[in-house]
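A, B, C, D, E, F, G and H are the chain letters, set down in written order, and residue numbers restart from 1 in every chain.
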Amino acid sequence: MDLRRLRDLLDRVGRGQTPVEDALTELKDLPYADLGYASVDHHRAIRQGAPEVILAHGKTPAQVIGIARELARTGQNVLVTRLDADKAPAVCAALPELKYVALSRTATIEQAPVPVLGTRPVALVSAGTGDLPVAEECAETLRMLGASVERIYDVGVAGIHRLLDRRDVFERASVVVVVAGMEGALPSVVGGIVAGPVIAVPTSVGYGVSFGGLTALAGMLSSCASGVVVCNIDNGFGAGFAAARILRARERY
Amino acid sequence: MDLRRLRDLLDRVGRGQTPVEDALTELKDLPYADLGYASVDHHRAIRQGAPEVILAHGKTPAQVIGIARELARTGQNVLVTRLDADKAPAVCAALPELKYVALSRTATIEQAPVPVLGTRPVALVSAGTGDLPVAEECAETLRMLGASVERIYDVGVAGIHRLLDRRDVFERASVVVVVAGMEGALPSVVGGIVAGPVIAVPTSVGYGVSFGGLTALAGMLSSCASGVVVCNIDNGFGAGFAAARILRARERY
Amino acid sequence: MDLRRLRDLLDRVGRGQTPVEDALTELKDLPYADLGYASVDHHRAIRQGAPEVILAHGKTPAQVIGIARELARTGQNVLVTRLDADKAPAVCAALPELKYVALSRTATIEQAPVPVLGTRPVALVSAGTGDLPVAEECAETLRMLGASVERIYDVGVAGIHRLLDRRDVFERASVVVVVAGMEGALPSVVGGIVAGPVIAVPTSVGYGVSFGGLTALAGMLSSCASGVVVCNIDNGFGAGFAAARILRARERY
Amino acid sequence: MDLRRLRDLLDRVGRGQTPVEDALTELKDLPYADLGYASVDHHRAIRQGAPEVILAHGKTPAQVIGIARELARTGQNVLVTRLDADKAPAVCAALPELKYVALSRTATIEQAPVPVLGTRPVALVSAGTGDLPVAEECAETLRMLGASVERIYDVGVAGIHRLLDRRDVFERASVVVVVAGMEGALPSVVGGIVAGPVIAVPTSVGYGVSFGGLTALAGMLSSCASGVVVCNIDNGFGAGFAAARILRARERY
Amino acid sequence: MDLRRLRDLLDRVGRGQTPVEDALTELKDLPYADLGYASVDHHRAIRQGAPEVILAHGKTPAQVIGIARELARTGQNVLVTRLDADKAPAVCAALPELKYVALSRTATIEQAPVPVLGTRPVALVSAGTGDLPVAEECAETLRMLGASVERIYDVGVAGIHRLLDRRDVFERASVVVVVAGMEGALPSVVGGIVAGPVIAVPTSVGYGVSFGGLTALAGMLSSCASGVVVCNIDNGFGAGFAAARILRARERY
Amino acid sequence: MDLRRLRDLLDRVGRGQTPVEDALTELKDLPYADLGYASVDHHRAIRQGAPEVILAHGKTPAQVIGIARELARTGQNVLVTRLDADKAPAVCAALPELKYVALSRTATIEQAPVPVLGTRPVALVSAGTGDLPVAEECAETLRMLGASVERIYDVGVAGIHRLLDRRDVFERASVVVVVAGMEGALPSVVGGIVAGPVIAVPTSVGYGVSFGGLTALAGMLSSCASGVVVCNIDNGFGAGFAAARILRARERY
Amino acid sequence: MDLRRLRDLLDRVGRGQTPVEDALTELKDLPYADLGYASVDHHRAIRQGAPEVILAHGKTPAQVIGIARELARTGQNVLVTRLDADKAPAVCAALPELKYVALSRTATIEQAPVPVLGTRPVALVSAGTGDLPVAEECAETLRMLGASVERIYDVGVAGIHRLLDRRDVFERASVVVVVAGMEGALPSVVGGIVAGPVIAVPTSVGYGVSFGGLTALAGMLSSCASGVVVCNIDNGFGAGFAAARILRARERY
Amino acid sequence: MDLRRLRDLLDRVGRGQTPVEDALTELKDLPYADLGYASVDHHRAIRQGAPEVILAHGKTPAQVIGIARELARTGQNVLVTRLDADKAPAVCAALPELKYVALSRTATIEQAPVPVLGTRPVALVSAGTGDLPVAEECAETLRMLGASVERIYDVGVAGIHRLLDRRDVFERASVVVVVAGMEGALPSVVGGIVAGPVIAVPTSVGYGVSFGGLTALAGMLSSCASGVVVCNIDNGFGAGFAAARILRARERY
């Protein structure tokens, strides 16, 4: 039941055409979303300028193309994540308006303006070359959500002074996202320096008992720095989205 | 080298008693913290009114008493977490100023004013009776950090309408903390309803393949709701601290 | 918003006291359950005679007593599961109407008639003495849900003829529940003999690589007998409830 | 010993050619299946119209072809599951009567009529595009077993209203099969809405701590909705077969 | 159907009272064990002098007493394993004929002669003091099964010469059982020296990554010595029984 | 120090050229193997006719060729295991005397007579088509070690009568090797029927929670049938070798 | 064969009483250790002043007392590790010469002089109060092995400046032992600052995904600092012994 | 702030142009590394002749080339590890000065003299052919760090005499590195023979419950030989670097 149908019902009650008890019965069976719930969703999307997101992992190129084309038709921005190098050519050939970034494995369609989110940058910290795809996925996500990013790359706990040298960036950041693999110790150090929100993203970089990122994940969850929060392994998108959740709600704190 | 010693050095340079090159050599070996780093830490603690925190888990009553007494002496507030019922009597007997809450397993000393943190409440959602100790640990942490809390207890995904009925609380909350055990599905549902930050805390409630909270933890990290961030199992304190990190930095977004 | 309030609104619309657009606005914000959803829940409970269930595991005796007393006050039947021997005395002393069964670790209050569920018995198969608490938890659950039970105890795959001798019970059963620990092979053999539904319950019986029931669980999920479905480790209640779901819906097949 | 030999023996006893004690001795050593056990199996297969099933996973194309050809020769229907795209061409080329469905990775030979199983549809719920192969494997299995299917695809707990909107399908279904990956929360929500049997199938969709479906599996087994039963990861066939077990035994409840 | 009933049937066929076809029908439904299968079992037990075994782990003292008393009544020997020190007094008080050995956690009733099994001893090798309960459980099992044992205790791979000094025992043993915890390397060394059967038993001795015996278990299964076979963790009884299986079948090689 | 050097020393002592104390000192530092230990090894190999074995897994074709050629040069038989189809052509091309069997992934050179090992066959039981490579690796190993094999293939616990029909083979076998994947229940059933040695080999056949054979392995180790011993996953060679260890030592029981 | 017997043999050869070939035969069968190997062991112990070590974990008080008494009788020093508070009173009462340290759970008998090992101290770094028992076990081990220790306690990566302030101790240490629980990040930071050997000891301090020390262990093994080596969880003794191995061999580098 | 800027500041203080308090303020904000910390790092690198190391795993050929070219430009030696055969051609084509060793998967540029590290060789022990890549990675690392290596290859615990025969090498080695897969028992045996430092490296050689090296790793950490330290799975580089840490610090013991 959409709004139109609900208004019709109320009109009929108002005109005495439908008895109150009959209207009551009809309303009881009303599916939830018909009460404008979906449109609230819709409104929120429009108000926030958030892009529609497609996780390409586990989808065929044809499926990615189909969904992206459908979404793009409505005029919204589109963010495709985990679009690996072997799928990207087929997808990009079918959708020339897609802008593909190989390092972050993301592809985007920007056709609607992206409202600025937050007045200060998100600091994006990562340790090694292998963490870059995840960090850049986070950066692309933040860009599409309207947040600015300041990168602190190639810092690690085994060379702690390189991290400490960049304390100025931490000072001016609204949120700090830390991307690290191997032992995942970086967020603990950052969490000890920074007073604001710290979001940790473990990566699958490493071998042996790195367990494909599980060691970094468990290390981050066990962090001795209080209040560090964690995303799934390699989930740069999730970290960016979580940072945006924080920035988006700024008027509420 | 403390500030006094550094000023002496500069005085001697200013008076020509110490050549520049000698001063240079002395400064190169200067330990880091002597440059006021520790005092910055100190200033931040005073500015924020954050209590000193003692994790009682893994400590003897005597150790908890010793540390708490030392901290209390400085006039700061103290928050003891994970103070189990078997240790609490001994600790509380030795420190009568401690206020112990059995449900949350926390004990506190409030002797300094706690500055108000944020203008809107943190929504604290939990599913079952077994999750209460973790949720209340979070609540006590938030209280000691100056944040207000609005509780939504005893809602679960298997009775989804009870959760949906409380949508008004989600609307007015600054941050939502979701505490859940078993399959840990609650944050996914909440994350689909709420636009602001959602912090998920898995609990060790459950048996069999609940794996002491691992299933809930992995479920929360794998959440199909974007941007949900996660704390360690049963880490109500960490979730409260993470929420405070978000509130604390409000002037930055 | 309850029914009364909804009727008032419609009355006011019908009398022209409330404009349609205002009513529309008010209805949009209507919480879901106010539309009779909760009462549907209520009706279903009454129609089915299902008892209210309290999982005592992870709750204090005081909490169990409080919830059981509250539920019993409404005249419904109550089933308490996982009420271990150390908690039972306190709970039973406070609620004399509770009937406690030590083997199944269950306690029940029967004050409403239990409608008969199904015309044929549920066959309840288990292997060893250690599996009995789980099997009897299932039996008590089935009894409280109105199903009859036929037990086949002390059969195991290492003495296969004892199982095969009881083929007559399998023939007349509506559903077969198989409770087994260690290697959990019993459901595979039963699933090869029985054409109807087979519900497998792994138990934590065993040691070493029994992994507290994980080996039985994984074995049951990997069963070479097609269509065997599985419950959580030691979840006799869940298996009984699942059997009741099947029996309850008999008019639908 | 087959029936012929058994009849000969009894004939000889009846004619007095074999003393009772000798017959007794001979009967004691009688292999089990010779007593018509195998034919009972045979009869059941014919009575139920169930197809013979070949799990192609772990078999070479030549092995699949050989077994399928052998089965097809007897006039029965054949269902091949897990026939991946790299094996399918060779198998289908050798057996032109096979109908291959790429999405479900199944191939079928329908040469015998499939008796209708059940009077109401099985509701088949799934969350994402990546779950479709498993859901469709279940659908093909149900179709070959004679059950009708009603699909509810692309619903997820993070958009809970889309699921609630389809409550009518749940109302009319005999059994609900829920296919979900990632955190596997969908069956908990469905189990809270539906009173009949709910069969959950975890899928290997997801990454990081999805652990190839283990998180969804453990979440489903730990479900806070009572009586949800679970199949192995990606086992759409098993879920379909389990649903058929329930439907098949309808006359028994 | 027991033997008496089968004889009656054959008698009736022999007297022409029952037609062959009717007898055939009746025989088809004959339960398996009625054909003397159980008595074969019975005969084998008597022929081998094997004791009846009760695993006390997971049973209450009352259950152990009940089963042991029942078994003892038939005149057979009884072996109770995993009878921990907290249960033993109650059990032994109720059954004064039980002989309890604290180190091996076994209790035995010897009332029937134990036939000698094998002409050469089983060599029983173990590493440390903590492995003794498992080794002695194996020794008691072997003793009750009629095999003689020669112990080589307190040898370890980190003091390899102590092991090599006992090569003479290996030379004269029929089977070698190796009991070891921690890294479980002993069977690999023994397997390289001994040409006959080597049965490895991992123990839960150790801490940290010993994982309660899993590391020793996995090490033994991964052994670089060919043809070493392995039992469950701490399963001294199983190793003894396996050795007896080998000795028992000596006439067959 | 080789024998020659030792004889020289004794000669010198005998001729009074070397004082006893000096000889004593020299002997104390004598490396172990110089005392003929290695030659004992050599003698044992010749006496038993055991082939030299090369595990091709983890070796390059060039490495396999090099080792096999070296071994073949000495006139001994050679058994190459785990020679996958992608490596086999290169290896077989370089060593035309190798006889390759694709199903078992083994290659052999038979140039020395293989002494017969045991007077009764080893029964080799397996469940499904996917288990055949492992079963046949075991069969080839047994053949090269001189043991005869009787196969019982395509029996499973879900069709228990097919297994029970073959009880005659179990009766005449010296050792039973059971190869099974998925839930690994077959050895439990066999162990309950057979009195002699039962060696279980889990295979990596299965998916989902089969965990690449771990579930079968843990199930076999947890078997409710006493005295079943277990090999590593897919280790058909190890099971064959273990059976040969039993047969080889027959004169000792 | 002991030295006496060997000398007899050589005497007989020297006197011509035993032909060289006979002596050769006898020597070939000589057990290894008889060649003075054990005495080499003995000499090494005396030369190094190393104490005999008893791991009390998994032993009864009676066993600990028995072994300690036996060792003490020879005049050597004795180190008992993992002597928990519940066992210590009984052990200490029986052996008054034992000096028990509750924090480190060690007990020692010093009756022989301990030679000094190394000229520079071992730096012993630990993070929290909960790590102290492990760190002090390491300290006691080092003390009994003759090494001096310099402690750096209560430093952690979340307060990195406290660690950096102690760089002077790292400068003068021969070996650095780092004891840490939770995420185990400390060795990575230390390994980046220190050029000499760094031995990391994970502790079981923490909860949830600390997994009883596994997260710290895996983090240390995955350390981004090159050449950090690791001991078992809570193995302070092992770390101390490893440091002593390095110091002991100083003349060799 | 670099040295130049610091000198300027002090000059200004010395000339009275900058008040002491202003200098104090400026110095407080001084980034750490500007105090010459980085140059200390630089000096250490030059003093030790250590090569710069690039872990090729997880990097694209282009990234490896870029980093290697940048490092080579400074005149330092370069060590590339984990350069698999599929990446090596592209990398070597772009950097002709790279010397690639396929077995160890390393590539090196030697353009600066490598100072000799230690006076005695590092003993490098490994068990099987499959362990060679890891052992040789360690050897190449040691070579580039200036240490000499003595190899003891193809020794295993199942042929213990081959290991014992090489006791002379252990005698003269400064450090022993033991590389082993499967059950990882070799370091326990070596640790029992050798008094100096023993570094164990588990390899991923093996199958089934070798778990990709985890079994060897856990076995080594659980070693019954005291003071054996362990590196990550397959981390030959780390073991070499750890040995160099020991040799490098020789003047300190």
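One rule holds for everything that comes next: contacts are C-beta pairs under 8 Å (C-beta built on N, C-alpha and C of every residue); 3 or more make two chains touch, one makes a residue touch a chain.
In this text, all values refer to a predicted model and were calculated from it rather than measured experimentally.
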Common touching chains of chain G and chain A: B, H
Over-half contact-pair match to B-H, picked out of the listed pairs A-C, A-G or E-G: A-C
Chain of greatest Cα-centre distance to chain F: B
Centre distance in Å when chain F and chain H are each reduced to the mean of their C-alpha atoms: 39
Multi-chain contact sites of chain E, meaning residues that touch two or more partners: 32, 159, 164, 208-210, 214, 217, 221-222, 226, 232-233, 235
Interchain contacts, given as pairs of chains that touch: A-B, A-C, A-D, A-G, A-H, B-C, B-D, B-G, B-H, C-D, C-E, C-F, D-E, D-F, E-F, E-G, E-H, F-G, F-H, G-H
Footprint of chain C on chain A - complex, ascending: 3, 6-7, 10-11, 13-14, 16, 20, 23-24, 27-28, 30, 32, 35-36
Complex contacts: residues of chain E adjacent to chain H: 127-128, 156-160, 164, 182-185, 188-189, 191-193, 206, 208-211, 214-226
Complex contact set, residues of chain E against chain C: 31-34, 37-38, 41, 57-59, 63, 67, 202, 204, 213-214, 217, 232-235
Chain G residues touching chain H - in the complex, by the definition given at the top: 32, 44, 48, 53, 118-120, 164, 173-175, 195-199, 217, 221-222, 226-233, 235, 237-250, 252-253
Chain G contact footprint on chain E (complex, rising order): 129-130, 159, 161-162, 164-165, 167, 205, 207-210
